[in-house]
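Dropping the structures in below, format is structure tokens.
Both complexes shown next keep chain A, but they swap its partner, so chain B is in the first and chain C is in the second.
Coming up: the complex of A and B.
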């Protein structure tokens, strides 16, 4: 689950070359912007059938938070 | 539950108008550096768009389209019973622009005319209105005008909205004919999300002041707009579209007792190419059946569905065709229709 999610996340955010750790704050990635946010939404919907509204999303800080949300 | 059905009513003619002034989005580097512009344009997929000059209103685009439609089809202006103007960029706060257009187009004073204030869902709503009036035995011709100068409602200095929007206007003629068969509509609203796409000031809730027209930096990215310019919470709008739109499309297919394989063309509101491509993928649609104009006209709000029909389906609606139309956005408001076309006469797009 975690491994697959990290692969999906790297693809969505176009950060395939990076090492991604569960403790990473994904908003701190250099590539993070409002357009990558759309890619993340599409990935969460497509791969995990999950839609996270903005208010809830603001509370998610790390990669681990995202994984907990889709579990 | 707003599910509507109609018999033997349809669109017999359409015409569109866009401003001649064309913006090449990759070259639109007045407010942002070229690398930022490239990133945004690559993702939203709007390569060109049309922008009206200071003197041109949505009504002027519709006026030119309506005249083209009337002339190309030799319509007697005295036979037009109703005129609806769909827009959120009207000429004045009062009177209704539809009424000024009744006069400008030389329609008789027996014509009923009013405005409808809706955005991206507006064409489908407008069509349902035209079809509803057309059920009256005395009415023969309804003129549906749908125009937007959305580029005037947003800030070019805000990269979240500054590269997406374009301007356009259309005219559609709605009449009765037995060859149209049945049509189906599903119309929806969610006012709890009215703050997702909004212009805060300039209405009566927050009237215009020196303060509301002042440009301000609104976020950590340095985007600039005034309170009288629109904003959009794109991520939540996208979430809403993913949740509601496929559901509404399925519901309307069920209502029409048909399946997606029977639909010849799916014409969606052209929001941005990322959202539209994802929607097509999620619904597993064949791209040949999903015409797009986002790349050349941008997001023209309510006009995006009909301008896509006019631009991309001009010669394809001669035969009997089944279309699914779906508009979604500001309100939030969303609407789906399944309609049949038969010998729909589509004029060349006018440029002014």
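Coming up: the complex of A and C.
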């Protein structure tokens, strides 16, 4: 689950070459921008059937938070 | 006929998407201008709420069904026919929005948005035109498009395609229906406060909202700004206006 999610996350954010840790704050990635934000939300919906409201999304800070959300 | 060219007295107007936002406000504004109404939406309760917002003397009928369901549309056409309802105008305000990067714009997602925003309203118009007496000669048909039909934004490919299709289609429909003096126009709003815009990606935080606000020199609009334009396009004041796309965007596309 965790492994697949990290692959999906890297693909959505187009950061395939990065190391990703559960404690990473994904908004701090250099590549983070408004398109990446949309891609991440779309990926959560497409791959995991998870639809997130804006407010809820703002409360998710780390990669681990995202994983908890899809569990 | 009233001497006020902007009056909708003695006109019957069909409004889709009347259970929310622009459609709901259009119902209120058309009713204030004197129109009788036929309201469409999917959610019965919210359609009734709209009806309750109209004055007690307003005449209004409610139908709830999904516009992408062809059979339901046919049933609706039969029903207005047997109730002897003839329409003087239509506002197609039903629609959905999406903000989706291109690489997530799957075939399914394309189909959903095109069905709701394009095929549903075009099919309803076609059925109304086909059914003798449903849409009277000299009536006015309005499609609520969007400035995303003419300008772009990240994540708005599918939405923009759907609205661009309406703006394009309006011109040919206007030519085809001109012999019947049926006028066909679109309105392209910028961002107005509604349940749709409130749930959009750009309303996600104060910072993004401020950016969107700044793109509109006159600030974010109200649903009434669009509804008032509908009243104009439905009224005899616009009897020489057809095939046009009225941009109501607080200056968004002025630059």
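Convention: the second predicted complex is superposed on the first by the 71 of 71 C-alpha atoms of A that agree within 3 Å, B and C clash if a C-alpha of one lies under 4 Å from a C-alpha of the other, contacts with A are read in each partner's own complex, and residues count from 1 in each chain.
The rule is short, and it goes like this: a contact is a pair of C-beta atoms (placed from the backbone, for glycine too) under 8 Å apart; a residue touches a chain by one contact, two chains touch by 3 or more.
What you are looking at is a predicted structure, and each value in this text was computed from that prediction instead of being measured.
Visitor: Going by the contact rule set out at the top, does A:52 touch chain B (first), chain C (second), both, or neither?
Guide: So A:52 only meets chain B here.
Visitor: Taking the superposition as given, does A:68 touch the first partner, chain B, the second, chain C, both, or neither?
Guide: After superposing on A, A:68 lies clear of both chain B and chain C.
Visitor: For A:34 in the superposed arrangement: first (chain B), second (chain C), both or neither?
Guide: A:34 contacts both chain B and chain C.
Visitor: In the superposed arrangement, what residues of chain A touch both chain B and chain C?
Guide: In chain A, residues 34-35, 37-39, 41-42, 46, 53-54, 57 are touched by chain B and also by chain C.
Visitor: What residues on chain C touch chain A, complex-wise?
Guide: Answer in residue numbers: 99-101, 103-104, 106, 154-155, 199, 201, 203-205, 208.
Visitor: Across the complex, what residues on chain A touch chain C?
Guide: 34-35, 37-39, 41-43, 46, 53-54, 57-58
Visitor: Write out the stretch or stretches of chain B touching chain A in their complex.
Guide: Chain B reaches chain A through residues 39-40, 43-44, 160, 233-236, 238-239, 242-243, 274-275, 278, 281-282.
Visitor: Within their complex, state which residues of chain A touch chain B.
Guide: Interface residues on chain A, with respect to chain B: 33-35, 37-39, 41-42, 45-46, 51-54, 57.
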